[in-house]
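I am attaching a structure below and will ask some questions about it afterwards.
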Amino acid sequence: MTSPKIEVDDLKKHFKSNEDLFTRLFGWGEIEYVKAVDGVSFEIEEGESFGLAGESGCGKTTCGKSLLHLHEPTSGTVSFDGQDITDPAVRDEMDFRTEAQIIQQNPYESINPRYRVFDWVKEPLDVHGIGSEEERENTVIETIESVGLNPAEAYMHEYPSELSGGERQRVSIARAIILEPSFILADEPASMLDVSVRASILDLLDRLQDELGISILYISHDLSLLKHMCDRIGIMYLGKLVEVGPATQVINDPQHPYTKALVGSTPTIDPDDEREAAELKGDIPDPVNLPSGCRFAPRCPEATDECTVEEPPMYDTGDDQQARCILYDEEQKQTISE
Amino acid sequence: MSVKDHLPANVESKLTSSRALSQIKDGVSTAYELYRSDRLGQFGIVVLAAFVFIAVFAPILAPYSPGARHRRDDGSLARLDAPSTDHLLGTTHHGQDVFSQLIVSARVSVFVGFLAAFIAVFIGTNIGLISAYYGGWIDDILMRIVDIAYGLPFLPFVIVLVFIFGANIVNIMLVIAAILWRDSARVVRSEVLSQKQRPYVESARAIGASDFRILYRHVFPNVLPLTVLYMAFAVAYAIMYEASIAFLGFGDPNVYSWGRMMYQAYTHGAIREAWWWVLPAGVCIMLLVSSVFFIGRTLEEITNPEIRH
Amino acid sequence: MSLKKYVVRRIGQLIVTYWAFLTLLFVVFRLAPGDPTSMYLQEGLSAEEREAILARHGLDQPLHVQYVEYMAQYLTGDLGQSFRHGVPVWDVLVVRFFNTIILMGLAFAIAYLIGVSVGAFIGWVRGTRKEKTGIVVTLIARSSPEFWIGILLLMVFTFYLGWFPSGGIRPPGTEYETFLGRYLNWGVAYHLVLPVLTGVIYYMATPTLLMRSSMINVLNSDFIQIKKAEGIPEYIILYKHAARNSILPMTTVVALVVGMSIGGSLVIETVFSWPGMGREMVESVTYNDYPLAQAIFFLMGSLVIWMNFVADLAYVYLDPRVRYD
Amino acid sequence: MLELTDVHVEYEMEDGGAVHAVNGVSISLEKNKILGLIGESGSGKSTLAKAVIRLLAKNGDVPEGSIEYKGTDLTELSDREFRTEIRWDEISMVPQNAMNGFDPVYTVGNQIVQAIRTHEDVSKGEARERARELFEQLGIDPGRIDDYPHQFSGGMAQRAMIALALALDPSLIIADEPTTALDVVIQDRILQTLRDLQQEIESSVVLITHDISVVSDICDEIAVMYGGRVVEHADVETIIKEPRHPYTLGLRNAFPDIEEDDQDLISIPGTPPDLVEPPEGCGFAPRCPFATDECWDVTPEPEEYGDGHIVECHRADEQELLTEEAKRKETWMDLETEPQQGVEEADD
């Protein structure tokens, strides 16, 4: 059996929320931790697209960036092709930075405004010293054209400020694929774009994934988009996964009360559609002082006293779908490994 | 308004040299934009260019040696003579030609102004870059040093140091730089802190760029306009502080400077009678400094588009 | 972070800054050329006499001992003996200190008031001729060193028009009885006009320009639009919302301008023969009287450090985002 | 109640030219309705709203057209009249980011009281009482009126902003992307509250957004803007189910819907029109797969297709054909392969 492309095991990322000279010198005051990611485990198969969804502040972006090792995880492991890349020696050996790339959310800020398109797309080759100068030029031109910026000559001398949002996002994609990575993190790749061009960017990503066999981790707050793009999705709440499963299944038949609320709150185009508005109490709690037991319990419409006692594990709810909710304890006693 | 609008439509750029070439072009077009954008900036550039010209060609332009004592036809020392065709701006108490002193003095102001400012901004920018980029302990310590530098009253500090190390023009310049760096350090730091948050930096990390590359190839070019702006301010302050030091009598006794001219005029009581000895140096300081400030203001408008309408 | 914690931290920072400042002062003045004896050397001192003088000023000790003693001295408020005057530094400085505070405090306060109001105004009328004129005038004022402004004022108002005295603090031979009486009289006011005006012209530029850009930033914020949409009259938006928010960053600028003006006292006091710390500093450096120079430096630096501290606390008071958190 | 006739809005540029952000909009809104104004960035939707409440930037101007509100032409009013009679009393607004909509140095309650007392002669105590009531209506603890804006969460600040907007029972509320910055759960709650309160106090709302699903969720009518014009306007049912304008059709097909299982998203090729020198003809023609010669030459006038369904398209009568064709990806793809103007220019 081949190992999955990426295997995340009990990943945690806690940020210090306050620290200054005096705290460091004299230990004045307690250091508080924001538990952005607090024990997340999932797998992404070769060539699969996996989606992470959740409200802002749920830790999905931090989780994604910890996968790419743009954050040093606090604990837990991330295995890439079966090797633990939290170990710097492993990262060096496999040349991790050529294997995993990122496409960022905001195309207006993700390209250095002082770089021309050509230089921006070429930089990864320069950094890793790949090919001769001439070879690099050819690769850059090919890549720029492969993301739909035709002909490359028309775009490569431009500064990003001269391009539209959609074109910029294509440039970012070109930079991400020029090293032929096997994994891409797409962090809200279309959320800043106008609806009419969004589809073309998503199509492009879809096509590249097919052609190059890349595994993609999509991060988005937009369930409709994830449903459209992903094979499987995971729903995050306050630093933990609460539900994982095949995309269509999770959204059409959510199991966890939080997923139900999310799906129920997402507006639909059909004006006749009468959705049952999910009633969630209050706001998301402070990720510094988490509630005891199930972290969703204080807002959960179905919470019982039992929920505040202990954090529930992931339960199988059928067909490759799992939910972190005590409701499924009765139906199915057997728990999945935590 | 983008940079591209100022370039000829058909720019031939060889791929390999495109980067260096384009940066030169950017520089040129920024300068052009600066010149075009408002009259204050134009005034500033013209005046500054004039002073630089005077400073460079001072020995040719000055009609007399600045220290030479002139005598009247009757052989007496030409003490405090009013302006005439011989002496365009009259003479000093010692019978020296004011106009020649004025011309020669431009060298000191321009030299001290630019060099001190360059050193100050060079130090400040690097401290700001490193402090903000690495954060943590390094940031704490560097920023406390900046705080302390802000706690030092400028002129007294400079005077004490100049006195200790000796009043020559290089020391004066170094001492001014030793304190002026704090402004650019603080401003660059806060700008880098904001640049650091931008996704392009993360993108550079994701492709495996080194810290050095990120700092100097990615962040620095984006901080550069601010650095240039603070350079302009530093030039202006350096010129004024050099003049103030000289006016207080702590200047280099071996070189002529506008501050020293005013010091001598003031201590000889010339402000009561010999306006021609007092006014020109002050006007020159004011003109030179304000030209730099005008350029700075124009730069500010260009580099900070948010504060345009 | 609670308010209390913030203040405690800020006090901690104040202590660290003070320590560093005092140490720097020690290092700088121990580098100084010319020990006290050089002043008496011409009189042909014997070796014993020399050593006696050094011992009197504690200069025969090893450096680290000197450092500890110096710290202890300064912390207890003992600023040492003036070489030149032969009396405790405090005796020389007490009067001069207040003379400087009166002059520079007044100049600074007026400059700040004018600067903030003018800056608020030209920020408000952004894009008009008035703004351009305001900026040009301000920049020219900022381009003119204090001595140049002072000399111009002297030439016009003293030597040409004859309206004001050329220098000093009060007419010669004036008698005064109380401390307040020293300053609260027409003679002093008359002598104050030109030096204060000099300071005001030069120092108002910085607050003006900073207030303007702060104002422009605030005017771009959404809430100004909402206030307009609410139908609130423009003048209320100007002073109650725009100016009130723009002034926040200005509190930190206070310290900067204080630093400038206290240093500028050297020049202004020299031009107008004002018997203050600044002029004394120039003279004490010239005459190698470094306990005195060091003490003045210490007082000036203290002013800046304390003003910084007060400004930071004022900021907390003015900005609810820090006050309630 | 609100009737715009041929409204134009221009922004003067530094080089003397002008951006024609709104280019002849005629639209009317009845009492007690929610109108959704949708369009992509640069379509002029926000500019239009700002023109109504007279908050255009300094270089903006309404050179043509009339904005009639309850029978008075707002463009004729003096600034003073507009400020004292219209602003907030009659027309209020909710901005995109409520947190920035409050002055950070005053408490939220204070700012509501200020708005009330600017227009009504009531005591501070009465105004405060009303602020508390508003808080309660919007589901915020009235005890929090003495909090500063930064002490509120994003969702709460947006509610407080709506409280402020309702403070004087205005007849028209302009909400510019009021929930774009919020998460779906909070967005849903706020939109429902807005809808409930609007019906309670019988005011009209103009909801500006780029999200079709949001408008279809709570609006009565939808107006679609493109290139500074309203290209289609009708009730929600009609716009969503029987749109006639190719742009509306395109938008509909580009939008991922959570209800659909195997949706083929189709993007609209090309870029929005140049607003500095708007070309002759229909603004959408360069991106439209159905454009004919007429479309390139003649700007289509608004025409009514039954019961208030107003469309600006020469081929609007071919509804069935267009709807079918627009669903095919190839229809739009064909256009993409043709050389575009932008590319040609850069090429020479």
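Order as written gives the chain letters A, B, C and D; numbering starts at 1 within each chain.
Just so it is clear, contacts are C-beta pairs under 8 Å (C-beta built on N, C-alpha and C of every residue); 3 or more make two chains touch, one makes a residue touch a chain.
For reference, the UniProt names are A, D = ABC transporter ATP-binding protein; B, C = ABC transporter permease.
All of these numbers come straight from a predicted model, not from anything done at the bench.
*Asks:* Report which interface contains more C-beta contacts, comparing A-D against C-D.
*Replies:* Of A-D and C-D, more C-beta pairs in contact link A-D.
*Asks:* Taking each chain's centre as the mean of its C-alpha atoms, which one ends up farthest from the centre of chain A?
*Replies:* Taking each chain's C-alpha mean as its centre, the farthest from chain A is C.
*Asks:* Approximately how many whole Å separate the CA-defined centres of chain A and chain D?
*Replies:* 31
*Asks:* Averaging only over C-alpha atoms, locate the centres of chain A and chain C (ABC transporter permease) and give their separation in whole Å.
*Replies:* The answer is 54 Å.
*Asks:* In whole angstrom, how far does the Cα centroid of chain A sit from the Cα centroid of chain B (ABC transporter permease)?
*Replies:* Whole-Å distance between the two chain centres: 49.
*Asks:* If a residue has to touch 2 or more other chains to count, which residues of chain B (ABC transporter permease) qualify?
*Replies:* Counting only residues that touch two or more other chains, chain B (ABC transporter permease) contributes 144, 309.
*Asks:* Quick check: what residues of chain C (ABC transporter permease) touch more than one other chain, meaning two or more?
*Replies:* Answer for chain C (ABC transporter permease), listing residues that touch two or more other chains: 13, 127.
*Asks:* Identify all positions of chain D at which a residue touches two or more other chains, and write them in rising order.
*Replies:* Where chain D meets two or more other chains at a single residue, that happens at 58.
*Asks:* Using the touch definition from the top, list the residues of chain B (ABC transporter permease) that touch chain A in their complex.
*Replies:* Chain B (ABC transporter permease) reaches chain A through residues 2-4, 11, 13, 15-16, 18-19, 22, 137, 140, 144, 198-200, 202-210, 213, 218, 221-222.
*Asks:* Which residues of chain B (ABC transporter permease) touch chain C (ABC transporter permease) in the complex?
*Replies:* 40, 144, 147-148, 150-157, 159-161, 163-164, 236, 240, 243-244, 247-250, 259, 262, 266, 271-272, 275, 278, 282, 285-287, 289-290, 293-294, 297, 300, 306-307, 309
*Asks:* What part of chain A is in contact with chain B (ABC transporter permease) in the complex they form?
*Replies:* 20-21, 24, 65, 68, 70, 97-98, 100-102, 104-106, 109-114, 116, 118-119, 123-124, 127-128, 133, 137, 157-159, 161-162, 172, 175, 179
*Asks:* If we count contacts the way the header does, which residues on chain C (ABC transporter permease) are in touch with chain D in the complex?
*Replies:* It comes out as residues 127, 221-223, 225-233, 241, 244-245, 248, 318-321, 324-325.
*Asks:* Quick check: in the complex, which residue numbers of chain A touch chain D?
*Replies:* Spelled out, the residues of chain A in touch with chain D are 55-56, 150-151, 153-155, 158, 164, 194-203, 221-225, 227-228, 248, 251-252, 261-273, 277-278, 280, 283.
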